[in-house]
Amino acid sequence: MKNRLSPYYPLLPVFVAYFALFLVGRNVEGTWQLVATLLFYCALGQAFNIFLGMTGYVDFGYVAFLGVGTYGMAIAITGLANFPQLGLGIVAIGFVLAIIMATLLSTAVGAVALRLRGAYFAIATIGVNEGFRFLIEGANLWNGSSGMIFTAQLNEILGRDLASRVMTLWADILVLFIGALAAVVTLLYMKSKIGYALTALREDEDAAKVMGINVTKYKITAFITSASFAGTVGAAAWALKTPYVFPPEVFEIHYTIEAIIIVMLGGAGTLLGPLVGALIYGVSKYYLSIFLPGVQLFIFALVIIFVIVTFPEGVVGVIKRKTRNTAIGQYII
Amino acid sequence: MKFFSLKIILPAVLISIIPFISTFSAFAAGHGKIVIGHSACLSGKYAKAGEQAVGGIEACVDWVNNEYGGITLGGKKVPLKYKKYDCESKKESVTSLIGRLITVDKVDVVFAPYSSGLTLRGAPIAESHQMLYMDHGGANNKIFEQGFRYAVQTIGPATSYHKGTLDMVKKIAPDAKKVALAYEDSEFATMVMEGAKNHAEKLGFEIVFERTYPKGTTDLTPLLSAMKAAKPDFVLGGGHFEDGQLFNRQMADLNINVDCLSLIAAATLPAFSDALGHMAEGVMGPSHWEYGVTYSKEAAKEKGKQWIGPSQDEFVSLFKKATGDQKMLPDYHAAEAGAQVLAYVLAVEKTGSTDSDKVRAALGDLEFMSFYGSWDIDDSGLQVGHSMVDVQWQDGKRVIVWPESAQTGKPCYPMPTFDEKKDGKKALP
Amino acid sequence: MSLLRLENVTKRFGGLVAVDRVSLEIKKGEFLGIVGPNGSGKTTLFNVINGVFYPDEGRVFFEETDITRMPPYKRAPLGIARTFQIPRPFASATVRENVAVGAMFGFQAKTINVEQSLEIADKVIERIGLSSHGNKSAGVLTPVEKKLMEIARALAMKPKLLLMDEAMAGMHPGEIDNMVKFLREVAQEEEIAIVAMVEHIMRAVVNMAEKVIVLDYGEKIVDAPTREALSDPRVVDVYLGKGAKEENAEG
Amino acid sequence: MLLEQLSGNLIQGVVLGAVYGMATMGLSLIFGVLKVVNVGHGAFVMVGAFVTLFFFSSLGLNPFIAIPAAFLVGILLGLAFYYAAIKKLLNAPELATLLATFSAGVLLEETVKMIFGSEYRGFNWDVGKVDLIVTALPMSKIFAALGSVAIALLLYVWFKRTRAGSAMRSVVEDSHGARVCGVNVDGVYAMSFALGIGLTVASGVLLTMFIPVGINPYMGGGYTLKAFVIAVLGGLSSPYGAFFGGLVFGLIENTSYTLFAFIPGVEPFSLTRFLSFLILLIILLIRPTGIIKAK
């Protein structure tokens, strides 16, 4: 008789890794900000994986969801700064707003783009981040190109000490929780009909349709889930950690590239993959910036081509294949 | 079974810990020296400015240690050290590196990276460690409206960029009435535009055209066509390096001739004239500092201000020594970063301590002059003492034409038309 | 009551008429063979039945409901399943997961959960003889194993109508016999109507089918009980040619 | 005055559009034949710009001479990239080729950055200008537009008149059928990819003749999005569709600005860019085969 908890074993290595990161960051002097960066990559990868990994669709405009999430938090803080009695409630409202805005944008984009297949989808999304940035700047939304700087408001709302702790510690811990939560959701999806449907449509969309799978529905589900997580990552890692938002910075395609590298390197569609990818990427980037500054992108571009041509399933994908049906295998999916 | 899984997790965890462990061996600031920490932009989009800043800082640190003899602290001369990391012009790296500078390297002061965004990114970390945070590359005025207690600015605020140019036109061409403003739509340039607009209105100019264009534009033709129709006497605009070249080039393409064209950021760089050749003749640009300014010990004495630091020529040779590149001249990024070192040195000597609170207080009262010009901050940390210079391309060379106290040549006004320039006419006064 | 009924279905691609005014009817539990050479419009006909294409003209009824313009994913839960000419497994998933997908989104989609689907998958896999491959990735199976897996996946859907596109191509005669036997059993037990499409008149299929339809350039030229159809001169001369006669003689 | 501005921008738009169109033909060719989306398109355009810069600034040669050189560079790059990665990925999921072309773009940008640095460069090729009443056009822009039209015509002739060209057309129509008919489909793939990249790099020369400043390793990003809008306007798989798509796009870009400028409080350029993105989405949604009929 199988243990009832056994489907959840694969979360163990994920949690162990997050916990280890947390311990290292809190206990080894001077490492917290580096841990924070790694946590950001982990959460980014874990969130993107829900869409890119599970559906096999490439969203080149993914960073737009982080961007609107950042705006969600920014709007909450600047808009409610006159009600400092709400305190942390404003931050909570900011997260809700971030999720709502990411959901709205992803629904709008998904409703159009997800009717399209593979290549056409990628083309449709390639301009989402730019398009949205130009809308904000062009229509002068939310201060247009001047962006918002709201450290002062955050200080006012939370008090200087708490605000400072939020910016330097709690924002990062929130990112950790978001990453862990994204992993839990990934696993829940994998173990439910959604996961089976996504696997099927990733492998063969037409066959999946014929099997009775409403592919558009499941794609949109994954898209919105992934986007909402991205929104919260933006709200925590960008808006709370550094209380300002300038449109060109939060819609920069560079972050989509990083997310793609992380997911592909670790193993698209696996649970542990984004985490492993984020750690490999974050740590090697750290070293490269010390020893070979300025060549990170060059090296990572080569790595991506190499990974796609030689082992497209990524590091965890390979381990998963090798350990299938072994005792270790039940921890790695 | 758990054991097996550990077999995989352990190495992964270990590998991820390596960078943290290596931090133990990192350089740690001890007694007997004062350390400046800097998260510099040596690669990425701000690499050019970052390289200049590092050169400027190293030149001035060199001067402090070898010419000045070190910082006088408690009756002893203490050497100044400089510790930098490359933040790749990315905000994720800025926080981790500033965190590391403060907690591992235990530096005494942190110099912010280039640009307003990255400066803002690092500020909360410095604040939370009560660490003095000096800004040499973030010109956005709003940084100093956020209530940071430890942030201090050396670069002049964005709103003051085009004030000098307007003053100049007002003085030398009383007939010029119509000004066109066309800036990049970015947090920095729109702030410059706002400052220019207010000042132009104050001086009684008529603003006949006021538009922006987004970052990354590759064709300004429609905007410039509309500007041409407004028939301005002179044009102020720009944003960054890239669009400045485009702006000037397409004005030439559309044959838009005005009496004066001043572009921020781009026009003062050698690459501007390299790319545009004769089309750049007579074009102006404001700069925080330019080689050739006439700030000197004597000038300081006249104004009754304290003087510190190398002379301009000394600075240039120290800069060349620091960068190891004989051909590269320091620009304003280098000068303002260098001047920041000098401000810090003076403040430490004045208060006799490296404690951030005390140094910050001393900086608040400090007023001095160096090769970079005057330095003075207000209560929020905003730079108010420094004034900018205006540079004009005359016969392929950069000439400082404004303010009159710093000028190395007279301005050429009005500048030749594009057709005249094509025929070889130089913009000489 | 008919299970599936096509009324004058026409499907064109540009100027080409792939299916030309075809009508047909299948009753519960019936076995229908559709025969036609490459390019005769068989696959298009299947695609019209399960909704990959909508017909330009004509109507499709399933259990007397008009499903002409119903998207394919809504047809599967009604009880329409299919296999493909070239197997289309979900390559990265295991055989067990592949088959479970069928159960999950098929006829029982509304009432079944993941656990139950996997149990059904295990049963079907065992019955079709793929037990030892259950935890393999579907992508690594041999072509014949893939075909078996596809049939298992379709059966796990608990269909009322099973469309099989060249299901037995590439199998040895022995394998075909087993397959036929197996299909007969299952179809009888669960009252599944089967439409099998073959390029050549295969002994096995023909022996099983109660009725045969012959397509030629998208047109239905014969629709008759098997025996009659085979002896129809149009089939033999115009379409099937010499090879088929020999194969026929074998049986 | 508005009419004057509009007609001026219309003329500018046509000239610009011709260059845009040519800059998109390579993208459409590659998609048409191989069904590969070259997401790194802009980076290849950038390579062409650097070739021009090198020819003009270092060798002092006329930018027109840079066209065949850039084309050759593109052919070589295309072949190298095809055999190193694309060939192995043709049967893989789309994700693979999308990421591969994307990474190739990043790789090119970073390589060029390492060699030439990341400054914004430019050169001054001043061959006079034509003063039309409503606007002024420098000869360099006119040459760029004429060059684009000439290349488009050459390609047309090549497609219609050569064996290789007709083999390519047959693969666009039906790759399976072409294979059955004895066309060396693999060869056609390699050739089309190389030709597509060659055209793209060569278009970098024309774009640089058009706007000879702002040359830097990351300049391609802006062109990628534009190229996709244009390609989609033209139906994505037809090089001629792309050429006419470019003309349409050039007109939209230049005239919509004048109109947006009437709305108070907005940034008309940004809205123009947003509009082009909207156009992309709308066309993909209602008519993915493009709105311009071109054979």
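Residue numbering begins at 1 within each chain, and the chains themselves are lettered A, B, C and D in the order written.
As a convention for this text, contacts are C-beta pairs under 8 Å (C-beta built on N, C-alpha and C of every residue); 3 or more make two chains touch, one makes a residue touch a chain.
Nothing here was measured: the structure is a model prediction, and the numbers come from that model.
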Query raised in the report: Which chains does chain A share as contact partners with chain C?
Result: none
Query raised in the report: What chains do chain B and chain D have as common neighbours?
Result: A
Report task. Could you find the chain whose CA centre sits the greatest distance from that of chain D? Result -> C
Report summary line: Taking each chain's mean CA coordinate, chain B and chain C are separated, in whole Å, by 73
**Report entry** Inter-centroid spacing, chain D versus chain C (mean Cα positions, whole Å)
**Finding:** 47
Report summary line: chain A to chain D, mean C-alpha position gap in Å, rounds to 32
Query raised in the report: What whole-Å value do you get for the distance between chain A and chain B if each is reduced to the mean of its CA atoms?
Result: 34
Query raised in the report: So which stretches of chain C touch two or more other chains?
Result: none
Query raised in the report: Could you say which residues in chain A touch two or more other chains, in rising order?
Result: 134, 137-138, 144-145, 202, 294
Query - Per-residue overlap in chain D, given as positions that touch at least 2 other chains - result: 221, 267-270, 273
Query raised in the report: What chain pairs are in touch here?
Result: A-B, A-C, A-D, B-D
Query raised in the report: Quick one: in the complex, what on chain D touches chain A?
Result: 31, 35, 37, 39, 84-85, 88-89, 92-96, 98-100, 102-104, 106-107, 109-111, 113-114, 221, 224-225, 228-229, 232, 236, 260, 265-274, 276-278, 280-281, 284-285, 288
Query raised in the report: Where on chain A does chain D make contact in their complex?
Result: 52, 56-58, 60, 112-113, 115-116, 118-120, 122-124, 126-128, 130-131, 134-135, 137-140, 144-145, 202, 253, 257, 260, 264, 268, 294-295, 297-298, 300-302, 304-305, 308-309, 312
Query - Interfacial residue positions of chain B with respect to chain A in the complex - result: 1, 4-5, 7-9, 12-13, 15-21, 23, 42-44, 47, 85-88, 90-93, 95-100, 102-104, 117, 120-121, 123-125, 127-128, 140, 142-143, 145-148, 185-187, 190-191, 212, 214-215
Query - chain C - residues contacting chain A, complex - result: 50-52, 71-77, 82, 84, 88-93, 97, 100-102, 104-106, 109, 113-114, 117, 135, 137, 153, 157
Report summary line: Seen from chain A, its contact residues with chain C in the complex are 191-193, 196-197, 199-200, 202-204, 206-215, 269, 313, 321, 324-325
